[in-house]
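In the two assemblies presented below, chain A is common to both, partnered first by chain B and then by chain C.
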Partner chain A sequence: MIENGMNRRDFLKVLGWGGAAVALTGCGNTSVEDGKELITSYVEATDYMIPSIGVYFNSTCAQCDAGCGIMGRVREGRVLKLEGNADSVINHGKMCALGQAGVQAHYNPDRVRDPLLRSGSKGEAITWEKALGLINEKLGGAKGDEIAFLTGGMSGHTKALLGNYLEALGGAKHYAYDVTAPAVVRAANKKAYGVEMPHLRLDKAKAIVSFGADFLGAWVSPVHFSQQYARFRKGENGQRGVLVQVESKMTLTGANADRWLAVRPGTEGVLALGVINALGAAGLYLSEDVKSLVKDYAPERVSKETGAPAEQIGKLAALLKERSPSLAIAGSAVEGYAHGSQIAAAVALLNQVLGNVGKTIEAPANVPFQQLAPAATGRAALVALNDALAAGKVKVLFTYGANPVYSASSAMKFKDNMKKAAFKVAFAHYLDETALEADLVLPLDSALEDWGTFVPAYAGDVAQLGVQQPLMEKLHANTRGAGDILLALLKQKEADKYKGFEDYYAYLRTAVVQNKAALGGAGADDDTFWGETLSKGLVKFGAAGGSLSGKVSAADVALPAAAAADAQFPLTLIPYVTPNQRDGRHANQPWLQEAPDPLTTVVWDSWVEIHPKKAAELGIVEGDIVEVTSKHGSIKAQAYVFPGIHPEAVSVPMGYGHEAMGRYAKDVGANVLSILDPVADKVTGETALNETRVKIAKAGKRVIVVKEEGAAGGKQMGKKIAVRVSTDKVDLSEEV
Partner chain B sequence: MHRFLRLSVLLIGLFVATGSHAAETAPALTTADDLGPQVEQPIEFPHDRHAGDASKGGMQINCMYCHTYARRSASSGIPPLQKCIGCHQNIESVKDKPRIKKLFEYWEAKKPVPWKKVHDLPDYVRFSHERHVQRFVFQQGRPVQEACGYCHGDVKNMTVARRSKPLSMGWCADCHQKDHPVDGAAAAKTAKGPNDCWQCHK
Partner chain C sequence: MSVTNLLENWSQFRKSHPEGDVPHAEYKWAMSIDLDACTGCNACSVACYAENNLPVVGKEKFLHGQQMHWMRVERYWDEDGRDFPDQGAQFLPMMCQQCEAAPCETVCPVGATNHTADGLNSQVYNRCVGSRYCSANCPFKVRYFNWYDYPTTDDVWPAEMSQQLNPDVTVRGKGVMEKCTFCVQRLSAAKNTARNEGRSVKDGEVQTACQQACPTGAISFGNLMDTESRVYKQWKNQRVELDKEEQAKDKEEGGSKLRGYRILEDLRAYPSVMYLERVRESAV
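So, the complex of A and B:
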């Protein structure tokens, strides 16, 4: 944010003068360095290594759990740019901004370079032998169930190796934690369809109604869904699919929808039942129990509770009835509320009533090796770990790929509870908030230096094992891969079993080659199969799954009455998962800070989205620093007045407000996760993200919001490029 | 009033900053046809011995035998160490010479020789060796040493290479304005070097 003290004209003046002054002396990079710079020189070179000509190597993206296939352009021994791997069934050669920033995770100047042992408040660089020896020593004093391993999303052979290690430690517990994980959705899907992540056929659907699933932005596997969405939009026989997005805060998907239905936070389930009711009224067959469930959800009542216009409910029902098969997707609304599981059940019931199960909701491909399948991440895992820590049941704590000191709500007092563990080991890329609390920090290879395998979080119709391989030499001599560390630790416990594997690469190669028959390499020579696997960067395996089992019945849906108004904290806080920042693990990659948020175009800072009506009521204008206060603390950020949010809600993006982690992440914005109320979904126990009630107040200061666009809903440079029409004036049936 | 003050403080700061910056950077390129700096290399490579005329004790090796990337890529690179060793492991007569001993030390340690760049261009200039070698050597059939020598000078009479042409824009453009005709289909096109800014400045 630019302080208001200096106006834009002054700023331009200085820039103008500055430009002239610089031109007189030349820019920094014009100097010719004859005899100073070294030429890239090789000892031995292969035919394809030609200076200035890039060679591409395949690997797998590790920026999120979607598991997209990537290829890196390598020139003069350095990886320069990442592209999508066209062979991958997840991303078919495409990539997102998050993936592109993978090179900045690799070249990041703030990476940890040596094992660090706590010495007072400082970290002292030690050798790996000493570090691993120390872990062994500390583990000696702890029983199996006193050892905890907290990770983020994990899959493939690293996860299998971790499983073996936990077993070797005598049953140490694995907590798989991810704030943004669709944990409630998975549990609800398991109940309704018999699988955690069914194969959603967006391409087959003729109409989609999404309950807050930002599948084009940040939900589960956005690159994959974007491509399906493109086919859905093109449509068979020229019929373009219609997307209706139901949510309280506009996401990227909501912005792309034909109709965006703003509902009062937490009433998505009511709307789903209202649509079922309207479908019944329009003549769709409903079983008796469903009929009795939805009989009270007449359009007038639903409209009153949700705030959506009554005629829109009828229009939505008519659309879904006419356009079959359709698809209803339960997304972040389900993760948001204490009755999230009920919302998911209502959405599943809508699918069932519409006959979508088996048509647009199919069984996913089977992953034959369950030990490789992605760990079921969630927020309940952190709550469980926090309880164990608070009770003093954890003596040794490992963390890998998770940053709970940053992402846990202050109400959980995680930082204090973590201190109760006698020895804390952090596997770390950066000295983030959690690593700073650890006793021992183990520096990790970057994703572009490491070996590994990934099973995508969302399988689709073909299961795929993504192979991650180094794209270049390690930048720092003293970092190690997570797999290598786990293998070294396993050797301490079961030396005989693992002595045949010199390093993690040897383990990985053996594990993959041993199962080549199941991985589509039956009959192939070991070296050929392995060579081909590395060259392709992935192996496809597993056939399409069978049919779906499971069923949701009317009895599974019991929506609570609308929450009473809270006079002290009148607004609902919606922590927003942005496509760039997600849960904040990539905050130290400057491209992601610099890339504008797709909806607000704000860069390098947090913001508080407030509806124009609410803002007018509170006398807030864009750029006012506002204080957002919940029962568990408060944060300050710049106000962004935005029509794409329900007037009774405010939204703040996740991922900002780091106190550590590196030069690009530290002190940028405010951490919304720190003030969340610890409310859990009643069925799954997963922390409900949108259950926090807040009040907002001006904090007195005003700044210029640094963003790409003019004021939201502005004058379009005086030209009427797109006419503004309020959503209830639009008749979709005439438009599409 | 204090706004002007603030502005002047900013401006003064900026001039001070750029002033100190200017003092640190090397002087701008000259257009004089002068020699570049004498560059001290890890091994004093005798170009004259390898590429020089037979009458002067040289072996007349084709430039492109070692500088194999020049015709394939924008960047000419530097020959990999294995290229040197490929011949020298069979040349017993010079094996005890200090330079060759040093060469084998690098080879045994599997360390690349840290050669220093002799012909450097500013970062905003994109020069393609491939394009020039293709035109002059393969399309026009000029002798290799002559073609390379347009920019690199009389390397066959040097030991360690030294920049002998200015490599400035005016010097490049001077040659680009001349006709360099070739036979065949390509002859129909302009025979001059490109005159567009973006051909070199990308």
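So, the complex of A and C:
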């Protein structure tokens, strides 16, 4: 019984269940759609409000794309604290610092509160009617391909609505952009394993060698991986898993490795082939083509090129041979270099040689509904958008969940190019750098006020649809959810299809209830199913993954010769993705500014990591303000002399140096992204993050580095404070 | 407690609390932290900010050492002069160790910090006069002083931000010392519930905020008097005894192959937090 002249296929698409790989049962409008039943918002459930008693409501964390399940503690109508939802297959009740700070995104004093229309250099508060009317008017003068929508990571029904809207606009283009996205890793995985993100079984592996994947800190789904890591460390019968990390700048994961191998920037692939060579020498079977590929990668040569001790390469190979199954993970090394895809292929080959594929690398659960699946984010999207803007091909630009004016390299001249678009609309939580350049700013509900669904960026073995629901009344009367805005915009274009949905809540409820059979609610009463879904805060798809199909061959690996020394810019710049700041979108959450970086313990500022040897050579001491200069600009920040970095590299964290956004973010540190060289991975076209060559020089001033190194300045003074023991001196088998 | 009193009765002060006349009856809250599982990610620290109304002091006050990290993660490097820290860093979550014979308690001129029957080192905010003797005497440096009146300081809890404050926890004013309480508000609530139901708090029924957040489950917390609790089993398994300043296992020839220890045990403060040594593979 489909009304409104829609056919079934359209109807499924409207609701986001298009591209379904599983059968949908039942169809028809609900009483809500027909307008026979009123929706009472969940936030008005006063039944649960008992003074002085905290009640927990489930929702989904929106601080990153991992999609952890959360529970908000609500008391007297206010959300006080977030805890993990124990039922979530992603985080099993645990949380990271970033997630905890979600309440500060919600209560943030610098949120945008009204739709703002540019009037000279100021924003003038206008009504939503006027704002939406204005968008409609401006869109009228633009063809479909002259409209662009730049977003961060998106999934679930908001993404489905966006897709439908872009189509309704006649093929407007979606650019999904995230500077920290593992885009090259995904492309390489697709080739090697047939899937973009295989299910990595850290818990099954007896040894892990990670090539710069900071899976405990900021890579893909850190809380999920951290729990697997804990099981990996416990091991079986007291045999603890062994972690070796290969990278040029120590990440949080590197700091937790049994052996941290500092390699010359960009030589991770060489090391991977060196390990394969050593495995062959140790008697592991290698096919002829692999043998001929690695024959020149004897330990001496590999050691010379990478800087890692030859002895360690032998030990690593012996470890991997003995402790099977093992797991090699390709991470930020792959995102970093123009030959990143080649490094990934070398790592995949290592997994293949070790027989890990199918054992510790499994097929992930399927997300059966492609409309809801996470958008494939990357850095190439911003380059493409920038090119379109520069060519004057974009008339109307929407931005949502992305801050390109901040995060684009100055080499791209994004801010200037953006001006060429006649009308710029920013969906915004804060007046960040991008919102300040927009003509119209649409204020968003916080993640704790809004409705939505999320599909985690990393699925693991069970696909899950996280449900986001308001944990309290809106703080500001005039903000709106992204879903509500998109729905209102869609109604401008396709009123007939969407007129049945009073708001995004009605849409979401209809969508979820309509497909209840595929979501484990077959036969359930609609209200019961919806109530249970909200109560649990998630639904599991339960679609098991198939088998892996791809294969990498020796022919796929072609590592370039070592880069020639650059006399003018002798150092490699490694922009570091910190666990707390990521790409800078959380800079205005003060807990995250005051929480020390785990490795340097620096707070409230940027820093430039320099190896002690290099620092001595350049006469730099801790606290010297140094100028880091690339071909495309320079930044100044305090030097931090740091042993966990290769002497040929310097590292500066991302996320600092905002010129706007709010009181806690503005003018804190320097923006490393602004000086990156626009070099791309040769296969995928994704911007390579570590390809920037820099020189550093003292800028004259010296400051005291504000940091938390512990009471004795990071020294144990011979006392037994943080104690370490080697495995041969401890028996873990009898531990509780 | 005057200095005379302190000197005259020194031996009385310098012993662990649960002895003879006032033993821990029902509860003795204690913790164990597995440093091999701890990744140093700071989730515990931020969770503590959220739960316990800790002020964000900002860069300048942080520089002056006025930060309020009840739970802080210390980071240590090997001090062996090699080029690279090639066995990683060592992380140590450090918070009030809830000592049984707490050095901070004996020096408080007004008895604002003292021992509870549950084995907690409590801090009575409205009794504290701000002498800071306790902080000076704390070997772990885990006491934090309110140098400013944070509720009225700009940008600490501006307008909406103050709505996040946990009503179960006092917001401290200027001149008051504060520190980790083992989330005593959660303990009280759990004890009340249990008492109403005529039973003791069960293991796992109450979690501290840091423990609840910890992504690797490195922190266990519970009642050391409950022989069924995980924390009791861990302490027993590791042969760490609460009221000893030297553990028998450490005197064994060749070592015990156990990794439980307490920090600065020889100071005879009898901490209630046991750490499990970080492990590093010898084969690589």
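Assume the second predicted complex is superposed on the first by the 661 of 736 C-alpha atoms of A that agree within 3 Å, B and C clash if a C-alpha of one lies under 4 Å from a C-alpha of the other, contacts with A are read in each partner's own complex, and residues count from 1 in each chain.
Quick note on the criterion: a contact is a pair of C-beta atoms (placed from the backbone, for glycine too) under 8 Å apart; a residue touches a chain by one contact, two chains touch by 3 or more.
Bear in mind that the values here come from a model prediction, so they are computed numbers and not experimental data.
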**Study point:** Partner, of chain C and chain B, that touches more residues belonging to chain A
**Key:** C
Review point. Who does A:81 touch here: chain B (first), chain C (second), both, or neither?
Key: second
Practice item. Pick one for A:523: touches chain B only (first), chain C only (second), both, or neither. Key: neither
Exercise for review: Figure out whether A:500 sits in contact with chain B (first) or chain C (second), or with both, or with neither.
Suggested key: neither
Practice item. Go through the superposed model and pick first if A:52 touches only chain B, second if only chain C, both, or neither. Key: both
Review point. In the superposed arrangement, which partner chain does A:238 touch: chain B (first), chain C (second), both, or neither?
Key: neither
Study note, to complete from the structure: Both partners, chain B and chain C, contact chain A at residues 52
Review point. In their shared complex, at which residues does chain C touch chain A?
Key: 35-37, 39-43, 45-47, 49-51, 56-59, 62-63, 67, 69, 72-77, 79, 83-92, 94, 140-141, 155, 158-161, 163-167, 209, 212-218, 230, 233-234, 237-238, 255, 257-259, 261, 263-264, 275, 277-284
Check your understanding: Which of the residues in chain A come into contact with chain C in the complex?
Key -> 52, 75-76, 78-84, 91, 93-97, 99-101, 103-104, 107-109, 216-217, 222-223, 226-227, 229-230, 233, 240, 242, 244-245, 250, 252-262, 312, 315-316, 318-319, 475, 579-580, 590-596, 598-599, 601, 603-605, 611, 613, 643-644, 663-664, 668, 704, 706, 708-711, 714-716, 719-732, 734-736
**Study point:** Parts of chain B lying in touch with chain A, wherever the complex brings them together
**Key:** 3, 6-7, 10-11, 14-15, 18-19, 21-22, 25-26, 28-29, 36-40, 69, 72-78, 80-82, 106-107, 110-124, 163
Point to revise | Residues on chain A engaged by chain B in the complex (per definition of touch) | key: 5-6, 10, 13-14, 17-18, 21-22, 24-26, 28-45, 50-53
